[in-house]
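Each of the two complexes below includes chain A, the first together with chain B, the second together with chain C.
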Partner chain A sequence: MSALTPARPGPASSSSPAGRSRTTTSASDGRPPRGGLTPLQRAFGRHPIGVLLALPYAVFLVAVFAYPVVLAAWMSVHDWFFSAPGVEVSHPFVGFENYRQVLTDPQVHQAFLNIGVFLVINVPLTVALALVLAVALNRAARGRTFFRVAFYVPYVTASVALVGVWLFLLGGDGVVNSLLGPLAPDPSWLVNSSLAMPSIAGFVAWKQLGFFVLLYLAALQNVSRDLYEAASMDGAGRVRQFFTVTVPGVRTTTALVVILAVITGANLFTEPYLLTGGGGPDGASTSPVLLMYQLGIEQGNPDTASALGIVLVVVVGLLVLLNRRLLRSES
Partner chain B sequence: MQTSARWGAVAAAVLLTATTAACGGGQGPGNPQGRGPITIWLSNNEQEVAWGEEQVKAWNAAHPDQQVTAQQIPAGKSSEEVIGAAIAAGTTPCLIYNTSPAAVPQFVKQGGLVPLDTMPGGADYITQRTGAAAEQYRSPDGHFYQLPWKSNPVMVIYNKKIFAAAGLDPENPQLSTYADVLAASEKIVSSGAAPSAIWPSPASQFFQSWFDLYPLYAAASGGQQLVVDGKAQVDSAPALDAAGFWRQMYAKGLSPQEAYTGDAFADGKAAMAMVGPWAVAVYGKDVDWGVVPVPTPNGEPAQEVHTFSDAKNVSLPVACQNQATAWDFLQSTTSTDADRALLTETGQMPMRADVAQTYADWFASADGAPYAPFAAQAARTVEVPSVKNSVEIWQDVRNAWTGSVIFGKEPVASAMRDANGEVQHLLEVP
Partner chain C sequence: MSTPTPVREEAEAKRRKAGASRWVVPAVLTLGALAFLLPFYLMVIGSLQAEPDTSISGLVPSGGLTTANYSNIDGSIDLWRTLLNSGVITGGAIVGTLVFGVLAGYALAVLHFRGRGTLFAMVLLVQVIPFQLLTIPLYVLTVRTYGLADSYLGMVLPFLVNTTAVFVFRQFFLQLPPDLFSAARIDGASELRVLWSVALPLVRPALLTVVLLTFIGPWNEFLWPFLVTKEAAMQPLAVALANYQANVAATTSNPYGAVLAGSVVLAAPAVGLFLVFQRHFTATNLSAGVKG
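Let's turn to the complex of A and B:
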C-alpha cells in the first residue's frame, strides 16, 4: 500500500475515527458498539438517509441493467425463445452450444473484424480532432459559443436524420465524388467493401465530435497556466507546448474519450443499418449489434443473440481494461 | 459478507423477483367460444385503414354487444417485430390484418396463433375462398394459422417514355426472356434514356430477395417454392438461371449496386421496376407506364408465368379472449362484398380462387382496367415456403446473393450451393 493511502479504520490506526470510537460504550450492555456504529448504521452505512436517496437509482439499475444482463447470461446457455404467456415451453440447458455457434460463425468473425477496422480509424481520429479543436476553441477570442454549438449540433441530432445528408455526400453521384472527379472510388464509398467501414468511422467521428470537444474544453480549464508560462520561458513553441503540457494535462479525459469511443464502436447499429443498407456491401459493414438484432429479433433466436451479446461485453471489457493498463503504465 | 452487502443482496433478490413477475404478466390463452368486444390491427396504409374502418362501422352497427375497435399496427421497425413482441407480452389484439407469411412459422413456434381450421368451418372456408393456392399457407403440422387475405403479385412495370427514347417499342416491348431484358437494358443505358435499366434494392435485409430473386425463380421453375418436399432449391437450375441473369445486370452496370434514396422509377433513374398492383396508385398519374410478367429463361407465354405473391394475411392470436367474435368478424371482412371493397379501395388482390372473374365488371371499368394485368397474374402466385427458421433461411440466401450476384466477390454457383447447404441444414435441424 502506498504511504499516501489514507489509513483505514481499525485497531492498527488508533488515530482514526473508528479507533477513537472504540473507547465509547454501548448503552445497552456496557460493551463498546462494534466499529462505533449503531445496528442501523451497520446495516445501511454511516448515513442511512443516503441509502434512501440512492434507492430509486438502485431500483432502476437492477430493473433496467442487472436483471436483463443476468437474464441474457441465463438465456445464452439455454435453448430459449420468446413464447406466448401460458404456453408450456421447455428451455433445456445447452451449455456452451450457443457460444460455439456464435464463435464459429464466419459472419460473427467478419462483424468483429469490421468493428476492429472501425476502432482503429475512429478512436484516433476522434481523440486527435476533438483535442485539436478544443485547444483551438480554448484560445479563440471570438465565436467560441458559435463553434461550440456548431460542433455539438450533430451530436444531439438523430443519426437517422443525418444519414440522409451523408448518403447525399457519399453516394455514387454525390457531392464528394463530383469534387473528386476521376479520382472518385469505384465502386463508390458506401458500396465499396474496403471503404464502407472507414466511411462509417468518419461519419461517427464527425457526429460525436461535439461531445468530446466539450469534454476536452472542460479538461483544459484544469491545466495550469503556470505550466504554459514556464514552458514558454524555456523556449517551447506552440507545438511543443501542446505535446509536453496539453496532452499530458488532459490524459484522464483522453482515457475517458477512448473508453467512450470504444463503447460507441461496440454498440454500432444505426449507421451500418441505414448508411449501407443493413450491413452491406457483402457484410463489409455488419456490426456485432446488427447481427444480434438479426438473430434475436428478426430470426427469433434470442439465445444465440444473448451469447453474442455476452461475448461482445467481454471483448469491450477487455479493451477498456487494456486501455486503463496502458495509461497506468505510461503514467 | 458485510451486513450492508447482505441487505443489498436481499433487496436485489426482492427486486429481481418483482421484476420477473412483472415481465411474466400479460394475458394467457383466450376463449375459442368467447363473444364480446375485440380489437383488431390494420396496417398503416391509408387506403387499408379507410377500408378497415368502414368494415368496423358496418359490423358495430349490426352487433352492439360485440363491438370491434380498429387500430393501426403500433409503430416499429417492421410489423413482424411488433407482432412477435406482442405475442411474447400477451398484448396482441384479436385479429392482425398485416401478417407476413414468412413470419408465421416463428409466431407458431412462440405458441402465439390459433389454428384457424379448428374454428367452426375454418378449413372449408379457407380452401373454398382461396382455392388450390391455399395449400401454400398450410403449416408443416397441417394447420392453417393464417387466412390468405390479399396479394400483390410482382410484375415488371416499365416507363413508356424512356422506352421510346431508347428506341424500344413502348406498346409491345420484348421483355419475355432474360436475353430480351438484357438487350433492352443495354439499349436504355447506352442511349442515355435512363441511367439504369432496373434498380432493385441491393440492401442486405432478408426480405429483399422477394423482389429480385424470388419472382424470377418462381417464373423459371414453373411455380415452385424455394423448398420442395423438404429440399432446398437455392442452387437448383431455375434459381441459378435467375441469379445468372441478375449477375449480368449488375456486372454490366445496368442495375446499380448502390441503394437509391428515393424512388428510382418515379424519378426516371430506372426504366423498369418490380412492383405489385400498389404501383397503379403510386405511379398512375405521373408516369406513362406499361406492365408485363417477369421474364423467364425461354420466354413462356404470359398466361403461364408465375411470380411471387407478396401476400399479407390475417392471423388470430391465442391471447384473444373473444375468439368466436373474431372468427365471425374475419369471415365478414373476407366475404365477396368486403373483398370487392378491398379491391376497389386499395387496388390489392383479395386471395380468392378467381379474382379476375369474380370482379370482372370492375376490371372492365375505367378505374379497374389498370389493375387487370395484376388480377390475371394473381392466379399464378408463389408464396414463401411455410417452414421453420423461415427468416433465417431468407437471410442466408440474401447474404449469398449480395456477395456473389450484386458484388461479384465469389462465383454465383458456389455461393448459391453454399447457401443451399445452410438452408438445408436449417430445414433439418430439430
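Let's turn to the complex of A and C:
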C-alpha cells in the first residue's frame, strides 16, 4: 500500500533529470536538429521504445481487466446464456431485468445479511486483537522474530489447507467440542444456522490477523514518543495511554484495516464453500461470491451473476467511501 | 499505623506496574503464538496418526505414528501430479510477472513516452477493481470463448501480470540515479541493454520480493483454477484437495487423517519459503499480493 504513496503520474516526472539530460546530450552527439528529436520521438515521445516495453502490460490490462469489466456490465443488461461453442446466438437487451431479479431474490438478501454478520464480528475482532498483539510485539524485549513469524504463518498458508484443520477443530466430533464436553453447541458450530457465519468470521480473523499485526506494528513506529511521555507526566497509566495515545495514533491504519476487511468479506468464497459445505445450513453462511458461482456457473445464468457482481462492487465502493468520509470528518 | 505519603504510594504503584508489564507482554505474545501455531501442530500430528484423536489426550500422541494417511491421500488424488500442476501454474505466474513487471515498471519509471500518463492511470484503476467482479466475465471469456478450460494457460491467465509487482519495480527503478542511465546511453547502449546490464542488477532485492509475493498467490489460489478445471489430471493440489474434502472425505473411514496429510503437503512449500525468507515479507510488500 505504502508503495503507492510516492508515486506520481506522468506529468510530474516529465521534468525529471533523465528527460532533461537526454535533450542536452542528444544535441551534442550529432543528431538531427529541432531539439534533437527524430520523427519517431516526435510521434511517441522522447523514448519511443517505452511504448514497446509497456505494450505487453497494457495489452494484458485491456484483455484481462478492462474488457471483462465492460463485458460484465454488458452481460448484466442482456439475456446472456451459455451456448455450444461456435454457435451464434442473440443476446437480447433486457434492461434492468437481471438487476430486478437479483435485488428481489431472498437468497441475495440473505447473502448480504451474512456478510453484514461477518463484518460485525470480523472487524472488531481483527482490530482489537491485531492492535493488542502489535503493541505487545512492539514492547517485547526478546523473541520478536519468533512471534512475528508465528503470527504471520497462517497468512501465507492456503485457506484450503487450513480449512482441513478447522474442520478437525470445529467438527461435531472435533477437538473444540471434546474440550467443551456437555457445553458443546447443538447442532455443532458449522451446521448451526446462528453459529456458522460467526465461525467463518472467526476463522478469517485468525487467518488474516498476522498481516494486520504487521500493519499496526509499522504504524506504531510513527506514533511520537513525546506523546507517551506527556501522557505519563499527566499521570496516565499504561491502559489510559493505550486509549488516549495509541488508539488515535494508529487511526489511519484502523481505517485501512476496516477497508481491507470489507474487501475480504466481499471476496469471501473458499471458507463458506468448504467449511460449511456450500453455504449451509439453509444459506446461513452463503456469501455473494458463492451465490455468483452458483447462479452463474452451476445454474448457467451468467447475466444475473454479473448483475450481482456489479451490485456487490457498488456496495463495497459505498462502504469504502463512507469509511473515508468518517475518517475525514473525525480529523 | 502511618498512612503512606503520596510520593511513596506513587513509587509503589510504579513498581507494581513495572512488575505487571514484565509478564503481561510475554504472556500476551505467548498466548497469541499458541493460538496461531496450535492448529499447525494439530495438522502435522493429525496427519501422522492412524486415527486422528480429537480428545484432549490425543493432543500428545502416544506413539504409533504412521505415514498411512499420506499414502491414502496419494491414492485418491495423485499428489505428484497435482503438485506438478501447482508448480507449473505458480512458475508461469512468476515468469510472467517478472518479465511484464520489469518492462512496464522500467518504462513507467525511467522512460518518457507518449501514453505513459494514461497507462499509469490504468494501473491505478486496476488496483481498485475487485477480482470478484471479473470472475464471471473472465470465466465466460477464458472457458467458453477461448476454449482454455483444463489448460495451464487458462489457469495462469489472470496471474500472468501482477500490478503490485509493476508498482514494486517502478518504485525501485525510481530510486536509481537517472545519470546512470544517461551515461550508459551516451556510451551507445540500447535501451534494452541499459535495462538488462545497468538497471536490473541494481534492483535485485526487488526481484526477490516479487518472486516471494507472486509465489504465495497462485500457489494458494482456489477459486479460479477450481472454475477452469474439470479434469482431475489438470487440477492444482489446492483444487484437488478441496474437491476431496467436499465430495470424498465424508465417505471414507478416516477422513481427517487423509485431509490433514494433504493439507501438510499443500502448506509446506509456502510455509517453508516464508520461514527461509521471512525477513523479506513486510506488510507493504504483501498488501495486495496475497489472496485466498
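Assume the second predicted complex is superposed on the first by the 263 of 331 C-alpha atoms of A that agree within 3 Å, B and C clash if a C-alpha of one lies under 4 Å from a C-alpha of the other, contacts with A are read in each partner's own complex, and residues count from 1 in each chain.
In this section, a contact is a pair of C-beta atoms (placed from the backbone, for glycine too) under 8 Å apart; a residue touches a chain by one contact, two chains touch by 3 or more.
Just so it is clear, the model here is predicted, and its values are computed rather than measured.
A.B. asks: Of the two partner chains, chain B (first) and chain C (second), which one does A:87 touch, if any: first, second, both, or neither?
C.D. replies: Only chain B is touched by A:87; chain C is not.
A.B. asks: A:211 contacts which: chain B (first), chain C (second), both, neither?
C.D. replies: So A:211 only meets chain C here.
A.B. asks: Who does A:280 touch here: chain B (first), chain C (second), both, or neither?
C.D. replies: After superposing on A, A:280 lies in contact with chain B but is clear of chain C.
A.B. asks: In this superposition, which partner touches a larger number of chain A residues, chain B or chain C?
C.D. replies: Higher number of touched chain A residues: C.
A.B. asks: One more residue to check, A:238. First (chain B), second (chain C), both or neither?
C.D. replies: Second partner only, chain C.
A.B. asks: Give one of first, second, both or neither to describe whether A:45 is in contact with chain B, with chain C, with both, or with none.
C.D. replies: In the superposed model, A:45 contacts both chain B and chain C.
A.B. asks: Where does A:194 make contact in the superposed view: on chain B (first), on chain C (second), on both, or on neither?
C.D. replies: neither
A.B. asks: According to the stated criteria, A:298 is in contact with first (chain B), second (chain C), both, or neither; which is it?
C.D. replies: The first partner, chain B, only.
A.B. asks: Classify the contacts of A:252 with the two partner chains as first (chain B alone), second (chain C alone), both, or neither.
C.D. replies: neither
A.B. asks: Between chain B and chain C, whom does A:107 touch in the aligned arrangement: first, second, both, or neither?
C.D. replies: First partner only.
A.B. asks: Would you mind listing the overlap between the chain B footprint and the chain C footprint on chain A?
C.D. replies: 43-45, 58, 66-67, 82, 85, 164, 167-168, 171, 277-278, 297
A.B. asks: Touching chain C in the complex: which residues of chain A?
C.D. replies: Spelled out, the residues of chain A in touch with chain C are 1-4, 6-7, 9-11, 13-14, 16-19, 21-22, 25, 29, 43-51, 53-54, 56-58, 60-61, 64-69, 71-72, 75, 82, 85, 129, 132-133, 136-137, 139-141, 143, 145-169, 171, 173-175, 177-179, 206, 209-211, 214-215, 217-218, 237-238, 263, 266-267, 269-270, 273-274, 277-278, 288-289, 292-293, 296-297, 302, 305-306, 309-310, 312-313, 316.
A.B. asks: If you look only at chain A, which of its residues touch chain B in the complex?
C.D. replies: Listed in rising order, the residues are 42-45, 58-59, 62-63, 66-67, 70, 81-87, 89, 107, 164, 167-168, 171-172, 187-188, 190-191, 193, 277-283, 286, 294, 297-301.
A.B. asks: Mind listing the chain B positions that touch chain A in their complex?
C.D. replies: For chain B paired with chain A, touching residues are 3-4, 7, 11-12, 15-16, 19-20, 24-29, 77, 80-81, 84-85, 87-90, 106, 109-112, 201-206, 256-259, 261, 317-319, 389, 391-392, 395, 399, 402-403, 406-407, 409.
A.B. asks: Inside the complex, what are the residues of chain C that reach chain A?
C.D. replies: 17, 21, 24-26, 28-29, 32-33, 35-37, 39-40, 42-43, 46, 52, 54-56, 58-59, 99-101, 103-104, 106-108, 110-117, 119-124, 126-127, 129-141, 144, 147, 157-158, 160-161, 164, 166-168, 170-171, 174, 178-179, 181-182, 185-186, 191-192, 195, 216, 219-220, 222-223, 227, 238-239, 241-242, 245-246, 256, 259-260, 262-264, 266-267, 270-271, 273-275, 278, 281-288, 290-292
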